[in-house]
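Here come two complexes built around chain A, the first alongside chain B, the second alongside chain C.
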Partner chain A sequence: MPDMIDFQTDPSRYLHWRVDYDGPIANLYMDVNEEGGLFDGYQLKLNSYDLGVDIELADVVQRMRFEHPQVKVVVMQSGKPGVFCAGANIRMLSGAAHNHKVNFCKFTNETRNAFEAAEQDSGQKYLAAVKGTCAGGGYELALACNHIMLTNDSSSSVSLPEVPLLAVLPGTGGLTRLTDKRKVRRDRADIFSSAEEGVRGQRAVDWRLVDEIVQNSKFDQVVRDRAEQFAAAWDGPDDPVEGIALGPLDRKFAEDGSVSYSLVDVRVDRGGRKATITLRGPDTGPATDMAGFAGQGDQAPMLRLARELDDAILHLRFNETELGLVVIRCQGDPEKLLAHEALLLDTRDHWLANEVLQYWKRVLKRIDVTSRSLVCLVEHGSCFAGVLAELLFAADRSYMMEGEFEGDNRPIASITLSASNFGLFPMGNNLTRLQTRFLGEPGSVDAAKAQIGEAQEAGEAEEFGLVTMILDDIDWDDEIRIFMEERASFSPDAMTGMEANLRFAGPETMETRIFGRLTAWQNWIFTRPNAVGKIGALQCYGTGVRGEFDQERV
Partner chain B sequence: MVDLLNMSYDTQIPNNVGLSADKKVLKALEKWHPGYINWWNDLIPEKFQKSMIYLRTAVSVDPKGWAKFDYVKMPEYRWGILLAPGVEDRLIPCGEHKGEPAWQEVPGEYRNLLKPLIVIQGDTEPASVEQQRFLGMTAPSLYDMRNLFQVNVEEGRHLWAMVYLLQKYFGRDGREEADDLLLRSSGSEEAPRLLGAFNEETPDWLSFFMFTYFTDRDGKMQLESLAQSGFDPLSRSCRFMLTEEAHHMFVGETGVGRTIERTCQAMNEAGIADPYDTGKIRDLGVIDLPTIQKKLNLHYTLSLDLFGQEVSTNAANAFNAGIKGRYLEPRIDDDHQLRNDTYRVWGIVDGKLIQHEVPALTEINMRLRDDYTRDAAGGVGRWNRIIEKAGLEFEMKLPHECFNRKIGVFAGHDFDPEGNLLSGAEYEAGLPTWLPTHADGDFIQSLMRPVSEPGQFAGWISPPKVGIDNKPGDFEYAKLHMA
Partner chain C sequence: MPDMIDFQTDPSRYLHWRVDYDGPIANLYMDVNEEGGLFDGYQLKLNSYDLGVDIELADVVQRMRFEHPQVKVVVMQSGKPGVFCAGANIRMLSGAAHNHKVNFCKFTNETRNAFEAAEQDSGQKYLAAVKGTCAGGGYELALACNHIMLTNDSSSSVSLPEVPLLAVLPGTGGLTRLTDKRKVRRDRADIFSSAEEGVRGQRAVDWRLVDEIVQNSKFDQVVRDRAEQFAAAWDGPDDPVEGIALGPLDRKFAEDGSVSYSLVDVRVDRGGRKATITLRGPDTGPATDMAGFAGQGDQAPMLRLARELDDAILHLRFNETELGLVVIRCQGDPEKLLAHEALLLDTRDHWLANEVLQYWKRVLKRIDVTSRSLVCLVEHGSCFAGVLAELLFAADRSYMMEGEFEGDNRPIASITLSASNFGLFPMGNNLTRLQTRFLGEPGSVDAAKAQIGEAQEAGEAEEFGLVTMILDDIDWDDEIRIFMEERASFSPDAMTGMEANLRFAGPETMETRIFGRLTAWQNWIFTRPNAVGKIGALQCYGTGVRGEFDQERV
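Presenting the complex of A and B:
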């Protein structure tokens, strides 16, 4: 087992994927190295995947946007004959601790959402070209693509065999995308999801499981044609172009588990079971235009900050599972930060401005579904403005300093909203965080909107409902300490459940159903003896002995 | 009343399963039948379709007299559905249901496990006919031609047997699978056969003999283990197929043996003692022994790949469910459930071949493969006795199981036939002496000239010791249609 799971990688280190770039088309080959599992004790046969495979895929998807913006169509296919992808590796799953399984599923869900949304967000359409077995998580990969092609060779098929084979669910969006995205009739979805065997040929089209079937001998040609056709149908601006390189992060780990990046600092307090993330706003003004921004490349502060924060969150999720409370602070000049953001907002039709903003959207969503207690501390000298103000609304609670604090000569704490808080960063429920926050008082959203660009000090911030509580010099330390101690004393399970329920008010979307309903059911099943008990199906898989079920319906 | 021993001809399809009373299945089979006849007619060259071939036809499942020999035009062959007689009170022989009464219907919980087994078995039957479709043109004698077609029509019947099971027991899915068995075809770009080895053409008669010796023997082992199935109709079906399969392996063993015999004879007549004096031996119009060994290496290793991955969850599930047993299951001295047993297999650790003990349940394929290897060794010994008797120094050998493997733990590693791990360069260098080269293939091909006079044989192969159905040496096994 690796000491630490690292989410940073680059194409020179890929074990499982390769990409051939051909103008507007990228051919993405999944060719999983059997011996390249992240942990010991299993082989990644038949293009099955573990977290390591998915970390590379997430990297591919991210680089596709920033480094290869000219790509309009990504053809996801297998580099192995006879199999597209057999899904998540079962021995890995049966050997993994519960929290790893849950985190693994969450991360893979986020990656699938990211490439699924790439068409809408970035004009990059993912096409699944399926030849051979496409089972379970393999079909879930295809389901998240924007178009699925299946060869018609009378043996290639798509299937979701989790229920009959493993007594768990197709939990990486599988069940939800069947009904919500592909709108498969529920009785057919029922048959499909309870059969070990796949559906192939015409029935796969009739049941809406794939978009088209293709004559086997012409498959490669038709896939190429389709990719070219999709690429030609692109009607957005043609400006890109050349991408920018995403270099390695500037990152140091300390003995005590703390991590420091260039603009992000993560302090670890194991005794207090908390991590404090401090974000640093930019010291200087922004580039004059997007050409200048592109010149800064991955060093442009708005991009650097997003990448570092993203990595920090993933690191905490996987490598620091006992830090139940994440405190988010920031320091910097709000006006400078807003100037940086304004460049992006004003030139949103520039591909790179769009990508950076879309990336922030994904990072913020990642924070939304991070199962730690999140609290923002709005201190003097902080820069909760524009995109960083979103953190206040992503957090479970926020506390703000009110008035002068003795011996503290930093600028008085303030919060400044920008246009970005009103539509640019929707949550999974498709509402903004402010809309979700003020679900019962939509007038408050309008009132807040009228304050765009105005720095709100504590009194106003409280009046507009932007923070949970404001505290003066006398109360601050004690109140914060008591809150943290209390939080640390609660059951982590209850916290996770309570927070996840309170965070996503309002309408359901496919995304909330995946992260809420499907994931919750899956995680429940992941703790049940019928799946993971000594004689549960997941544990017995591969031994030849069948799992034994407790027949009681719960 | 259904006569379980004798075929009934009250429907278009000869059978001993009471088809005339089973309207549903009869209807499905009759619907499938024209497609099958088309498949056959498109496949076998017309000249042979119109010829009269001296074939045996299964007319009963009575072990004492199940077949009848006569001239028949192949398209009029009576492909029938025959199950071996049921064993009274048969019990499931293995797995978690061991000792329970055998199933006469498919248990719902095992439907998904059972169907692919039948589909894959069914897929190999027509595949081999497709692979061998052009061999009639170059038959070294009428006797051999007849043997080829005998094997072909029986593989066709085996397809029928599997189609019957699919249509009778697997509902609509089963009917679709039965249709797809005719849709896929060997080597097709559109819809190839399911197993790789069944998509290679059988290019010459020595390959045919090797194929029927080695690959039909894989078929035998699969049938043997399916004959142990707790699903009784499958068991009975496979038991009867095995009686036919024996002849296929006989054709293979004697075919290779007669080739060896002729080579030895020609060498002795020419006074050549060195089996490696290839040029001179080939000038005699016979196939040198080292080339025969190379063919053996190829076909044996391809057949080993058909047993699949060494560690197999599917095989374990099938055994534990009682739907597929092991070779001669009742004779094995264990609990037939493999709760705690281990099995010794080869593996590669740090680049070295080692044997280790693993749970026997996941090694079902491996055990069957080992049984296969033992079974295959018998004929090789008999071939060596022919060489010995001719006074020549040469020994045919089965290569080590790690040589030339594309599936399983040895795939991707380069071993020589003795089992030594080699570098890529060493392997490349040795390959022409271990596996047939293009030049070897061309040479064999050059010998493939048809001989169609009764009692006459091509110069590279000896006549058989005894005729089929005890017919005399000059018997006309095929009356060829002359256009």
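Presenting the complex of A and C:
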């Protein structure tokens, strides 16, 4: 077992995936290395996966958008005969701690959401070409693609056997995508989700489980044809010619677990059960145009900041599970930050500007579903402006410095909204964070919008409802300390449940249903003896012994 | 502890509530008898409640609509000085089994939904007049009212102290109503839900936690004024003069746990882990008009059937927790049943017709959220027509007899839809069950609608997608047996999670969010040592010892 789970990788290090690029079409092969598990104690047979496999997939999906923007169709297929993908590895799951199981499912969900949205966000359509067994998490992989093709032979089928075999739910959005995306009739979904053997052939089409079945002998050709057809149907701008390379992050770990990136710093306080993330705004002005931005490659500050923050959040989620509070600070010149953002906003039709903004959208959504108490401190010298102001509305609370602080000569704390706060970064519920915040007073969204570009000091920020509380020099230290101590004293489980409910007011979408309803039920099942007990189904799987169940219904 | 929990009661037996009727205004007093707990081992101090208190409240709410239709405003208030309601009793909760906790919360949620919807459904508005402590489930009681008034003194406040005090969530919709009904800003909701002491005075209004605060000395008068004002504002038909009395159910329990009502029969099969509910359609024709219907009082078959089915479902939920499968059958003349329904549909503007139909809506919703596998058997001689056809679409699966069965001379099985299947009985997601069923093919709803009044035998029923499967004489017994055995072999927890996800495709509402997202998280927290372990917060409450928490975040 590794000391630390690292979310950084690159194609030269892949164990489980390979990609062949062919103009607008990318052929993505899943070919899992049995011996390449992230932890000891299991073999990744039959293209089953663990977190390590998914970290590579997330990397593929990310690079597809930045490094290979010419790709319009990604054909997801197996590199192994007779099996598409057998889903999450059972022995890995049965050996994993509860919080790893839950975090694993959350990350795999985020990756699936990312490639599912790639068609709409970036014009990259994912096509699942399914030959052989496609079970559980394997079918969920296909479900998150935009089109599913199934070969019509006697052995290829799609299935969700988790319930009958393992007494858990399909953990990566399967049930929700069945009913809400594929719109499978619920009694058929019931049969399908309780049958080990799955469904194949015409019934798979009739039941809306796949989009088409294709005679086996013609399968590869029809898949190629379909990919070309989809690629030809692309009607967006054709500008991307060359991508930009995503190099390794500039990142250092300290002895105490703190991490320093080029623009992001993560400080760990184990006694206080918290981590403090400090973001640094850009020191210099932006490139004059997107050609200049592209010339900076992965060093453009807006991209660097997103990558580093994304990595920091994942690191805390998986490697620092006892730090229940994440404090978010920033320091820098708001004007400079807004100038960098303005270049992207003004040239949103440039593919790279679009990709950087879409990436911020994903990073912010990752923060929304991060199961830690989040607080923003708006200190003097900070740059909560534009995209960074979104952090204030993603956090559970925010505190802002009011007036002069003795001995502090940094510029007075202010918040500046930009156009990006009003539509560019929707939450999973499809509202902006400000719309969600002001669900009860929609007029406040308009009032805030009228302040675009105006730096709001504490009094105004409070008046416009942008922060939870403003505090002067006399109260700041004590109030913040009391809040942090109080938060550290609460049950982490109650915080998880409370935050998961309070953060997502208003409408639900397939995405919020996956992280809300589905995940919450799975979370519960993952604690139940019927699934994880000594004679529960997960432990008994493959032993020939059948799990014994407590028959009580709750 | 009672051998059996009985959901039937009447005002002569109330221990905890009393109602003063005053024309269009009803004053409802919560005055919980400390010694009147449903189980041993706790006292119901400070107007705290257990299931027994809530069974009485549900009875009040139900009788308000049938027996007192002239009431336009219900003023919910405390009969005790200094306390409105302290919420669910903690000792009761800490002593209760997991499945009782969950079922208790579900039932209290259903009761709150019922009085919250009474304004829209029946023109009965609930007003919470809060004096004194209004904490946890007490504030959730107020939250479910249509208007909240809080007295402005130094001690009266509203609070949700569950998270800080007990490490569980407010269990009766509190968090969801905060964000979705009251639309409290999420950071304020976060502060409010993590503060033991609650909020009072002007802040309670500013934060949208209550609708108005009133000076203590004027409180009673202003409450009276407000109630009269609301009653005067009623602009619906003024027809109700006299209600109908709801007498005791005709109900017998057998030794083996089976129950017989006048039109409903519940047969228990412990070995097979199932209960079979058989509904009997009316033998004779309906009254000629609603005056005649009212003359039948609680003996009108459509009302009797709803009351008996409702009671049977609650009985199974609480008293037969190991029966994981509920089989629903019916026998009777579909034409007669439809004639009874037609009287209600044709005179929906009559208050009693409306109440009976609204009651069916609630019973069907109760079935939707019942955590048991539900299957309908459409046998020869059955009457799945109109409102009873809704059961087919509420069930997880339905099987229908096709063609003649040897030695069976009952009328060939058929299904007849009526206008009631297309809007009168929405699910919690605000779609009809047929709309939810055909989310992927809305045309099928129209196709089904064109068949209103036509009896569909098996072939057509399958073609129109009304049943899961049709089976002939050769296959019927085996297929049904295999299904039932299979269902009994699955983990009950996995069934609960699977069904909770598959049943509610499409949009979410505050109601489905309460039963989905909120309940699922609470379910999980109720299994966690931080809440229910030996040194968890629920067990330690009141002992002076502080719970020790596992700090791992999941």
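Please note the rule applied: the second predicted complex is superposed on the first by the 554 of 554 C-alpha atoms of A that agree within 3 Å, B and C clash if a C-alpha of one lies under 4 Å from a C-alpha of the other, contacts with A are read in each partner's own complex, and residues count from 1 in each chain.
Quick note on the criterion: contacts are C-beta pairs under 8 Å (C-beta built on N, C-alpha and C of every residue); 3 or more make two chains touch, one makes a residue touch a chain.
A quick note: this is a predicted structure, and the numbers were derived from the prediction, not measured.
Contacts of A:A494 after superposition on the shared chain: chain C is touched, whereas chain B is not.
Of the two partner chains placed by the overlay, only chain C lies in contact with A:G516; chain B stays clear of it.
Look at A:G542: by the touch rule set out above, it reaches chain B but stays clear of chain C. Partner contacting the larger number of chain A residues, of chain B and chain C: C. Of the two partner chains, neither chain B nor chain C is touched by A:G443. When both complexes are overlaid on chain A, the residue A:E196 reaches chain B alone and has no touch with chain C.
In the superposition on chain A, A:N103 contacts chain C only, with no contact to chain B. In the superposed pair of complexes, A:P164 makes contact with chain B and with chain C alike. Of the two partner chains placed by superposition, only chain B is touched by A:N216; chain C is not. The contact surfaces that chain B and chain C form on chain A in the two complexes overlap at residues 164. For chain B in complex with chain A, the touching residues are 96, 112-113, 115-116, 173, 180, 183-184, 189-192, 194, 313, 315-317, 319-321, 338, 359, 361-362, 364. Against chain B, the residues of chain A that register as touching in their complex are 152-155, 164, 195-197, 215-217, 541-546. Listed in rising order, the residues of chain C touching chain A in the complex are 98-99, 102-103, 162-164, 167-169, 175-176, 178-180, 182-191, 193-194, 208, 273, 321-324, 371-372, 395-398, 436-441, 465, 468, 486-487, 490-508, 513, 516-518, 520-525, 527-528, 530-531, 537, 547, 549-554.
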